[in-house]
Amino acid sequence: MKETAKKPRSLKRRSKPAGLPPGTLIYVGERKVETVRITYIDYDEHNFAEKQVSNIEECFAFKTTPTVTWINIDGLHDVKIIEKLGQQFELHPLVLEDILHTGQRPKLEDFEKYIFIVLTMLSYNGDNQTVEAEQVSIVLSSNFVISFQERIGDVFDQIRDRIRNAKGRIRKMGPDYLAYSLIDAIVDSYFTILEKMGEKIELLEEQLVVEPTEQTLHQIHSLKRQMIVLRKSVWPLREVISGLQRTESALIKDSTSIYLRDVYDHTIQIIDTIESFRDMVSGMVDLYLSSISNKMNAVMKVLTIIATIFIPLTFVAGVYGMNFKYMPELRWQLGYPAVLLVMVLVAVVMLFYFRKKKWL
Amino acid sequence: MKETAKKPRSLKRRSKPAGLPPGTLIYVGERKVETVRITYIDYDEHNFAEKQVSNIEECFAFKTTPTVTWINIDGLHDVKIIEKLGQQFELHPLVLEDILHTGQRPKLEDFEKYIFIVLTMLSYNGDNQTVEAEQVSIVLSSNFVISFQERIGDVFDQIRDRIRNAKGRIRKMGPDYLAYSLIDAIVDSYFTILEKMGEKIELLEEQLVVEPTEQTLHQIHSLKRQMIVLRKSVWPLREVISGLQRTESALIKDSTSIYLRDVYDHTIQIIDTIESFRDMVSGMVDLYLSSISNKMNAVMKVLTIIATIFIPLTFVAGVYGMNFKYMPELRWQLGYPAVLLVMVLVAVVMLFYFRKKKWL
Amino acid sequence: MKETAKKPRSLKRRSKPAGLPPGTLIYVGERKVETVRITYIDYDEHNFAEKQVSNIEECFAFKTTPTVTWINIDGLHDVKIIEKLGQQFELHPLVLEDILHTGQRPKLEDFEKYIFIVLTMLSYNGDNQTVEAEQVSIVLSSNFVISFQERIGDVFDQIRDRIRNAKGRIRKMGPDYLAYSLIDAIVDSYFTILEKMGEKIELLEEQLVVEPTEQTLHQIHSLKRQMIVLRKSVWPLREVISGLQRTESALIKDSTSIYLRDVYDHTIQIIDTIESFRDMVSGMVDLYLSSISNKMNAVMKVLTIIATIFIPLTFVAGVYGMNFKYMPELRWQLGYPAVLLVMVLVAVVMLFYFRKKKWL
Amino acid sequence: MKETAKKPRSLKRRSKPAGLPPGTLIYVGERKVETVRITYIDYDEHNFAEKQVSNIEECFAFKTTPTVTWINIDGLHDVKIIEKLGQQFELHPLVLEDILHTGQRPKLEDFEKYIFIVLTMLSYNGDNQTVEAEQVSIVLSSNFVISFQERIGDVFDQIRDRIRNAKGRIRKMGPDYLAYSLIDAIVDSYFTILEKMGEKIELLEEQLVVEPTEQTLHQIHSLKRQMIVLRKSVWPLREVISGLQRTESALIKDSTSIYLRDVYDHTIQIIDTIESFRDMVSGMVDLYLSSISNKMNAVMKVLTIIATIFIPLTFVAGVYGMNFKYMPELRWQLGYPAVLLVMVLVAVVMLFYFRKKKWL
Amino acid sequence: MKETAKKPRSLKRRSKPAGLPPGTLIYVGERKVETVRITYIDYDEHNFAEKQVSNIEECFAFKTTPTVTWINIDGLHDVKIIEKLGQQFELHPLVLEDILHTGQRPKLEDFEKYIFIVLTMLSYNGDNQTVEAEQVSIVLSSNFVISFQERIGDVFDQIRDRIRNAKGRIRKMGPDYLAYSLIDAIVDSYFTILEKMGEKIELLEEQLVVEPTEQTLHQIHSLKRQMIVLRKSVWPLREVISGLQRTESALIKDSTSIYLRDVYDHTIQIIDTIESFRDMVSGMVDLYLSSISNKMNAVMKVLTIIATIFIPLTFVAGVYGMNFKYMPELRWQLGYPAVLLVMVLVAVVMLFYFRKKKWL
């Protein structure tokens, strides 16, 4: 798991062979759950029913009931289930293909009778500090919402609670409000990831000031990559929500539209923050590189100072180490101390020069 | 205080748990004032009243009076007050959520009966040389303006004075002009921050020429970050004001529209200046890096010159320091001075070569 | 072959002499097949015929039959064939010129009676790890599709199979669906190339962490160039498909339009992925450069440590190697061990200093 | 003067205190002339009058005359004059504020009865090689043009001459043609500045090839800053002129519109040139940095060659300088010449190796 | 000639003094031909006449003949000729100014009776490997085309041939087709320049891999500049052709429009190619810089290895060269060989360490 999680989704898309007919149902992701889990929640203002079913046919009755029904499918590897569901609820083959072909770009498609929405749900994996993506597909009709997820575990538990306990206005509203709530929950969860990233940025900035290592750079690089993934999910999301808000479809009521505007604002805010983060992170690479070259300068300076002081002195010592027969200085009584003195003087002058040059 | 101020707002947004119903009222900021301060100013061309009230209910009467009423709330931690106000003045739950959920992107929402505006008020904190942000929310109706601030202290004192003393045309105009005045004051205060930044840029440029240190780079980096924050506030502000100016809402009178165009021009000018600053600052990073490598070059040159002159000379001295029995030169009368002469010649030739190469 | 494949197409376009009349039919590419291969597939829901013909005239009859006919031409060097075909099927001279003038930018032109589409088919050459481009021109009319390819071998075999075996809905649909299928196959094949690139990026990233060599940089650079080529093909492709989808031409039926929207989504996804790859690759250049300078730092440090420790010690040895007559220390009983001790001390102090400076 | 001129205008804008009522008349610039100079030129096809007046009231009569009147004000520090003029000619308070609040972004405002234009007049100061900016505000009405400048001296003398001597068509045209002429003169003067910059770029490029110094980089940086200033003036100018050209105001006659298109083309050309210059200059920074590192390489090579040749030789000399009692070589008759020969051989081999490596 | 050709046109525009009346006829270029050469070609489907005239008046008759007349003027220094022509053919003074004021941005102006087109004709000068620009102005009317060139020599010879020999459809079409042909020839000639650039890019890339020198960088830089010039010509060209194609002028017939679309496609392709080239070239600068620093690393490594091996050895030799009276080792029988052995061991250990560190 850890292994695969490191590679951003975009690099792993298993493409279908070119030329296959459109609507061919093959699940391209990896099997992430043992068995497909199908649950439904059926409600209106006064009634409520929730059940995990083992057989997709149990949900077919809800197609025509006036109540709001939310069918949730966790696990996509059983193509049969998706196919049956598609036939029963009259979904276009391309919709089914998109559901199974995970790794889709977030998008919105209006098929009059229903609206098809593809989203990316992101979650932060604390173990290997990466962002993991999962495709959530939502089919919104006039009396039901069907959601498809790759694995069990999502950010919708609060919504389920609100339906169960009739908190807020969700039980009084239609399936469009439910769909909005799902989207809102996904968008809200992005903020959590941004916070994690913000914390990491601050951590790295501190490291950069105190003790930058090659590790720091690799972490900056990995942060950059995560942002690229995040960005790829959020930019199209913006179009999706803006499309939902401005749609002329009767499936989205005006009363829900104002809530969509709110989610839209959040999306813009997320985009703004990502862009700011990108700016910050690219500034950090500069900081890193310059701190590396500053360090190198410091090293070079020490070398230069030691070398430039001692190389001339060693030369002088070398001169008086020569074995010429006729070197008058060697016989002077004060030759040795005089040479030592000269050496000290040379060293002092040099140190003074370096100080003046601000190398010390 | 100093600690938190260092971190730009965007990195600190405390997100609400994903899936909470929209309109849930939780204040996400830190409590910045002891007690919530509520003041109102009620005026028309001839009358004027100003009061600090301890109870929000005292303001409810103004909802229907024909005079212009400006209710200002400093401090948002008491959710109850906001809730009551919201109910009385019929504000949408999402509006209340946005007021409390500080750190919003500046935005404009038209709810027919009132217009809701979110702005960011920036102030320069001289102590730690950072820009601090505070969310100001404004509700503009046909006969009142309600403003919400996170803490006491704002840039509106001049406006209060003008109302008190009936300076200018403010007392003759409606609440839209008051709202315009608040926005104008906030936008004008951005210029002060730009001036501070301009001064800092000049200071840093001088440092770059005279004596760049690693500190300089960190200051450039921090300046860059402040600009990212500023930019995030100003770009959406532009949309807000442009939206206000072109709105078809009856709440904005034509006579005010021309003033909004003026603020709009200021916003554009601020954006232009920020972009210019960004260009300048990124040029400064280049300057810094190249001055660092210039310094390194200077250091390297000294090392090279000293080493290349003395290494050969030391070699010569080493040769005549060898203890071979049969070294004829050692016995020559003039061996020693001849070797010294050769050494001087070598040194002179090298210095000449370096001068020719312009390394000296 | 290997030689020419290295050079991206854009650098090789053999331009026609300036001022030649438009519609002059000269094939500018290299002759890539021995003989031109002409095949046709003629079908409707119930009938099917497929044949390789040696004479283009055999296809002329299909111009007016109500069945769907797909004429495929592999090899463009025989200008005569193209000319005859053009006359018979009433193609505009500029269309014929574009077919022969390979290396065109993907484009869409609507001539009422037919639609002319130029696409770039890319294939990954495993031998020299480059992307090879081939121009595919498609003429779509109300009852036939003519496709022109530079050489034998394409990504359409799955489509031929589907027609032969009446798989999917292809036999029930018109020529617009056939044209869509061709485009879809080409777009799908891009994903394969993206996968190869993704794998290469991961490989290079690993190399960057473990053992970056100059080779790595050249591979990054070559990857960058391939992306430039890919990008040049995909961006205009997007316009082509979006144009097809929104066209008001009667040649594209509504039922096909929804499939075109699907291809359009894929194109956007390809563009997104390319842009992400570009971001990643440019981050890799930074990583490479900094790892190079890190290596250099490591080398410099060793030099500095060795040099700064031994240069002073050698100087001390040099001093006591001088031949002055009066050097009292030389005669001390403990002179030699004392000097050795001093040397060890100097070395230890220096090592300690380096450790403190974190150079070790 | 020299001092202030160095700082680009954008960094000096003295902001008015936030919250001051709009239309407050304060001149924010520095007093640039001793006394305000007011001149008018009054003309139609047959008549002409020109006068410098000491009292603004002398111009009031022209408000209603059918002749074209051009009132020019040099110097803005006397707020009273502007105020009186504003009242007499019915200018909006915000217009007067913009006139006095120099450092405005070029803009165009249509007040039905008159059009208000703000432009930036640039002049090249040869003394300190900087570009100086001055705000020119123009009020264009159906029978007069009022222009406001910060100081005496402008680029309008040719226009005055043309009016005086009835050269060209200016005397036959209305005030819109006069306003056009003023704008045209300002835009033309930008070309002069571009020429100066072009010359400087060429000079710097030559310096880069021959002898780049740190000074060169600072000049490139200063050039970059001047371009930022220029750009800030020209981009909005484009909008102003395009706005004038497309305006539906009756104040701009169709016959003038064609001339405005011409100025518009010039503006685009200026923008193109600035963008090209920016590209060139940023390429120059790369050139500079690489020439610096090339120089460093050259220095390093010399050091390496000298050091790598002599360090081993010195070692050999050191070995035979050791004082071991039993060193057989020292007593060989040919020991000394043999060692010298070995040394020469080592040096030759090394030089050969360096040549092979192309370091020489 | 060679001298001036080096400087891109944009840096040389000799501006007219600010404030000169528009339409003032001054030729700002350098005189590039001895005498102005005036030629005309007059044709319709059946007739053809071609003549070089010495007097512009000879062409005046063609103003009203129904045949298509192409008047070509080589050389612009004789302002009189242009003026007379302008008067006779009723050209707007601004048109004449633009013709003479060479160095214009490519543009299209529709004067109802005629269309005025400015283009840049580029030619590759093999001598100094630069791109040379020449302004070509075209006036297209309902029965004539006038073209103005700065010097003799153009890319229109093929067109003249086609007219003379009635090749293609040119003799059957009107002046709009002739104008299209001229534009097409110019655009086609850009491809030749792109090819030259492509070849140069490949050459430089090879140099970068094999043996990058400072010369290489200067060539990359010069290539970059040429691209800037090319880009400045092509981007506006795109607007010109797109304008021509969408114009509602009766001067452009529908049958010509389809040919214009073809030229438009070529322009887009040229732009694409230039942008790709830019991307490639900027990648090359990175490659160059990193190959430089790789070389430096190689040099540094050699220095480090030599120095770190011999510096300690020299120290050891120095120790035993000291003249202390009491140094027991010096008297050992095996002292000398032992020391030599130690030295060899030290060297071997170090070489082993370097190999392990992959520095060898």
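For this structure, a couple of remarks:
A, B, C, D and E are the chain letters, set down in written order, and residue numbers restart from 1 in every chain.
As a convention for this text, a contact is a pair of C-beta atoms (placed from the backbone, for glycine too) under 8 Å apart; a residue touches a chain by one contact, two chains touch by 3 or more.
Just so it is clear, the structure is predicted and the values come from calculations on it, not from any experiment.
Taking the definition of touch as given, a chain qualifies here only if it contacts subunit A and subunit B alike; none does. For the touching copies subunit D and subunit E, the fraction of interface residue numbers used by both falls below half; the interface is of the different-residue type. These two copies of the sequence, subunit A and subunit C, are related by a rotation of 70 degrees on CA atoms, to the nearest 5. Chain centres here are Cα averages; for subunit C and subunit D they lie 42 Å apart.
Contact with two or more other chains is made by residues 289, 293, 296, 300, 303, 307, 311, 314, 318, 321-323, 327 of subunit C.
Shown here, the protein chains touch around one cycle, each chain meeting exactly two partners. Beginning the circuit at subunit A and passing next to subunit B, one meets the chains round the ring in the sequence A, B, D, E, C.
Taken in their complex, subunit B has these residues touching subunit D: 155-159, 162, 167-170, 181, 184-186, 188-189, 191-192, 194-195, 198-199, 201-202, 209, 258-259, 261-262, 265, 268-269, 272-273, 276, 279-280, 283, 286-287, 289-291, 293-294, 296-297, 300-301, 303-304, 307-308, 311-312, 314-315, 318-319, 321-327, 357-359.
Contact residues of subunit E toward subunit D in the complex are 7, 10-24, 92, 94, 98, 104-105, 107, 109, 211, 214, 217-218, 221, 224-225, 228-229, 232, 236, 285, 288-289, 292-293, 295-296, 298-300, 302-303, 306-307, 310-311, 313-314, 317-318, 320-323, 327, 329-336, 339-340, 343.
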